[in-house]
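Following this line, the structures themselves.
In what comes next, chain A is part of two complexes: it sits with chain B in the first one and with chain C in the second one.
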Partner chain A sequence: MPPFFLKLNLVNQMSFLSLKNISKRFGDFVAVEDFNLEVDKGEFISLLGPSGCGKTTTLNMIAGFEEPTTGAIQIDGRDMTHVSPNARDIGIVFQSYALFPHMTVAENVGFGLEMRKVGKQERRERVMETLELVGLTEFAERVPKALSGGQRQRVALARAIVIRPQLLLLDEPLSALDAKIRESMQVELRNIQRTVGITTILVTHDQAEAMAMSDRIAVMNMGRMARLGEPFEIYEKPGDSFTSNFLGSTNIFDGEVQDELEGQVLVNCSDIGLHIPGSAAKGARVSVAIRPEKVGLVQAGKGIFNAKVRTRIFLGTCWAYQVESDLGSFNVTLQNTGHSVAGEGETVGVTWHDDAVRILAER
Partner chain B sequence: MNRLLPPYLLNGPALIIFVVMLVVPMVMTFILSFNSFDFYGGIKPDYGWHNYLEVVQDSYFHEIFLRTYGIAIAVTFLCALIGAPEAYILSRMSKTWRSLCLLAILGPLLISVIVRTLGWALLIGNNGVVNEILIGIGIIETPLKMMFTTGSVIVALVHVLVPFMVLSVWTTLQKLDPQVENAALSLGASHFTTLRRVVLPQVMPGVLAGSLIVFALTASAFATPSILGGRRLKVVATTAYDEYLNTLNWPLGASIAVILLIANVVVVMSYNRYVEKKYAAVFD
Partner chain C sequence: MKRYDKNGPLALVFNFVFLLFILAPLVVVCLVAFTDKGYLSLPRDGLSVRWFVAILDHPEFVDAFWYSIYLALGSATVAVALAIPAAMATARYKFPGRGLIMAFFMSPLMIPHVVLGVAFLSYLSSLGWSGTYIGLVACHVVLIMPYALRLVLASVTGMDRSAELAAKSLGASKWTTFRRVTIPLILPGVTGGWVLAFITSFDELTMTLFIASPSSTTLPVRMYQHITETIDPLIASVSAVIIFITMIMMIILDRIFGLDKLLVGK
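For the complex of A and B:
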């Protein structure tokens, strides 16, 4: 992220990529609706959402493979809504990689440069440079069939960035990789993106991936933008129950606002009174959310209320509890500190900081 | 009971038909091709290479073999030229149009080869539909000679054999990742460049496999060349037929048939080897 004074400066400038009210219909089916997004130059944005929520469709519209039914797309101030994909100067890494199977790695990577009429000598240099960046120099003369999944993915990335596009689109590029490689590729991808400084949009349905890599995340639900913001911000203040649930797990309870004090409300959830920061009208029915890792377990009677441990699972770095209380059953994650903790069947006290609880908008 | 018995029993009927209908006649033809023949004594049961020597040395047969393979190459080339784009367009059509067009393309295969070829004769004969129309609207005075030309044989063969090319190319197109075309576009390639540099090389195995079928079928085609080519425009298959039924020189006809068979097998096998070697490293 640029320092704040630069950011202030950017506010007045036009953003690099802007999607203005775009929507896409397939017949009667609405795949994307009223989608607005402003992306700054050099920014890394993730489109995050469940399967079928319209992420790929949105990406296809930016790339020019689909035309929006309504709305406009601008890149660097130019209207691109109806420009054909080969005139947009966008690098794309497809979910299936879409490498050219009949060309070697070097030919794959060099294809975009060839189309741009870059001379043979320079082409060779830039291809090797980029292959070095993704760590595939020794594989230049192989065909894609003779590469592993992770290597193919890096070829696809090299092919997209070698043309130094103004915009890089990544459609779930890491979903085919196993967890270990995926994590290292996330770091690598982020480093490459920083080095080259390309404005990037990543499509993913993996919330951890989106959090780890992006400057900002756009959460999508059923073709609409549900929430847009920096990872920490939207994790801490998800705003609605969809976003809250989608970004990590959440315990959600129903309650009724009993009283409103300054900056705080008293919510009655199943006869347990909770003080929560925020504001709401007296008598309103609200959803209250707290993340499992923000809940603590203490001796029975010493917490806000008591609960009974139903299951306890050891996960290495932490313990995952499911406890039963008047609020219903909910999940608790405790850091593993090496000390023994409450076992199944025991009664414990449940505590948390008041400001760890959120009130969610009703949907 | 022997565990191997049931498979053999189940295969039995087909095996018997195969042996009786194919292997026995082939072996008999092969033996026959070494016998000799004269007009007064008929076929003599002696053995020698004289029939083969006659075919190999006589320029009359050279011309026939050259014509046959010339036609086969031309038909194969035209089928590829027409069939590959046809398959590509077909794969891009909406479902209903695709079924309609597929029916039109496969149509020729549903009609008996004799009927279809006679249909061509009606069209292109001296008093055929095409000539009547051309004369009627005053473009030509005397009818164009289209029957009994190499061109007419080629056109009619392309008409029947193009479906094999379309089907073969279409199968490879199905395996193509549609995103690969988008990838080429996004890298700045024009639609034409995408077709030439990305789509065509990937469907090449399909084109080559289709070529193999078309080539083999053309080289051994009989009905079309015999009806549209007539007695003077002979190909190998019609020559063998004539030796059997007109000259009654069965041994010579048999040796021609054997040579055609061997030549086709050699061409097809070496071509197949070449294609497999070329693409095994690239495609699954």
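For the complex of A and C:
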């Protein structure tokens, strides 16, 4: 038998939540397929994907509202696949908040504690403590109807975390709020999550929200995991065109591999030769991607190739260009530095660092 | 958004005439109840409450009134108790025969009450339940079920289910979720269904005429029997009392729930 500390070590290495090959079918329709995810304790993970890609379905399976058609769900080493939702000890914030309209804020937040048979005195204390955490102490006796959207959202959050669940699930909790409040709620939510140290899974279709809040992002497409990784990593190395496009605007060109050097390939895109880090077989047709903000515009003739400015839009912090070249038309975003830039109709040179260009996998 | 609360003059006239058409009989009945004559007539020569006092001389009316109340209470309660699980099952689960069950519960709306009366009469006597309270409740439940079910179903269908899921995730069992979350959320529909069922049961004459016995006479049956013998203003005064009680009930319900909410089932 291994000594005690070794066993402890073993437990620590195991992930806290693990989804093993789960899939969900509704009749013939496959909503989630072959989904694998390992989440560490205290981690903040986002499920990011377009509408209908199976995010809510995945969350519902973790919560126990839906049973996976195949696969297993483990929380803290325990198999939870067939455990009913009221025995899972998971806090959930629904997209619609799902507050109990016939109860006051304090009763809403206290509901989970009541179900756990926490005494009245302690219940009151913990409810007020949590309301303080979300900044709603003076609203304790109001009913949800008399609250603003942002306040309701915070009540829903308080109700979910007051029970100190082992896992917190958030289904697009901020999507009903307007842009300004949403941003401040993102920061607030992240702070609360750090304070409480709770393992959290956030569902969202907003890539900026996912990147701002998560330790790691799982990008989903049509029921499958497309990419998993830290925000910076998957933004910079999306791997495929779906992930690249979903995480941010992307210019994609078709090309053919002409030569392969060590760690670099020479790709011919419409007779313009591009050196790109990576590897690919000679003669292969590939997609080449570069993000608009990594492109620079210089004097005509001084760039890699020349292009003509078709449209130029001022957005405050930056300029959005659409330029026309042999590669086709593509987008360029330039930081607004206060100096004047090339205008519409002008011919400019296009530059970029070789390592800003990516080769995407065909899908 | 366009607002529709401004009526043109023609619409106003129409509404007025329509209301008058509905309310006039009620007003006439109430007026006749105050006559001082021994026959049905408007109180031209002076008001009198003699026909209200006369009700007290007819204990069979008072007994019939209370019997109707108990019958309506029992039937409406049983009907709603059956309507809740029926509505939840049909609104939430897809199973074979779902449409059939709904059609079955709604069918009393489409069968003439006379036919129901005859059918129930022979049915009750073969069960040995003729003229018993249980027998009458059973028949009334069938009759008022569509009214109860319609409103309960509307509120169950319109309910946000995520509140139930939230309760479950917070540790509530199925029963606790039902009691603490589902019931309060569908309460307006349940109350509306109950009220409608109560009124329908209280008001029912045609079918009850067949199945009532001397020991189980409801108020409408009692009144019907009375006017087959004599036509005096007693009927009018009894009607006036019923109208008055109904009005009080409606006002109370409106204060608590809002009538439009209750009877539209939202």
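Rule of thumb we're sticking to: the second predicted complex is superposed on the first by the 351 of 363 C-alpha atoms of A that agree within 3 Å, B and C clash if a C-alpha of one lies under 4 Å from a C-alpha of the other, contacts with A are read in each partner's own complex, and residues count from 1 in each chain.
Note that a residue touches a chain if its C-beta (ideal position, glycine included) is under 8 Å from a C-beta of that chain, and two chains touch if they have at least 3 such contacts.
Since the model is a prediction, treat every value here as computed from it, not as a measurement.
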item	value
Partners on chain A (chain B, chain C) - clash or fit	clash
Touching partner for A:314 - first (chain B), second (chain C), both, neither	neither
Which of chain B and chain C A:91 touches, first, second, both or neither	both
Which superposed partner A:26 touches (first chain B, second chain C, both, neither)	neither
Partner chain(s) touched by A:163 [first = chain B, second = chain C, both, neither]	both
Partner chain(s) touched by A:143 [first = chain B, second = chain C, both, neither]	first
Residues of chain A that lie at the interface with chain B and also at the interface with chain C	63-65, 84-92, 94-96, 98-102, 111-112, 115-116, 159, 163
Of chain A, residues touching chain C in the complex	63-65, 84-92, 94-96, 98-102, 111-112, 115-116, 159, 163
For the chain B and chain A complex, residues of the former touching the latter	177, 179-180, 182-191, 193, 197-198, 201-202, 281-284
Parts of chain A lying in touch with chain B, wherever the complex brings them together	63-65, 84-92, 94-96, 98-102, 111-112, 115-116, 143, 145-146, 159, 163
Contact footprint of chain A on chain C as seen in their complex	160, 162-163, 165-173, 176, 180-181, 184-185
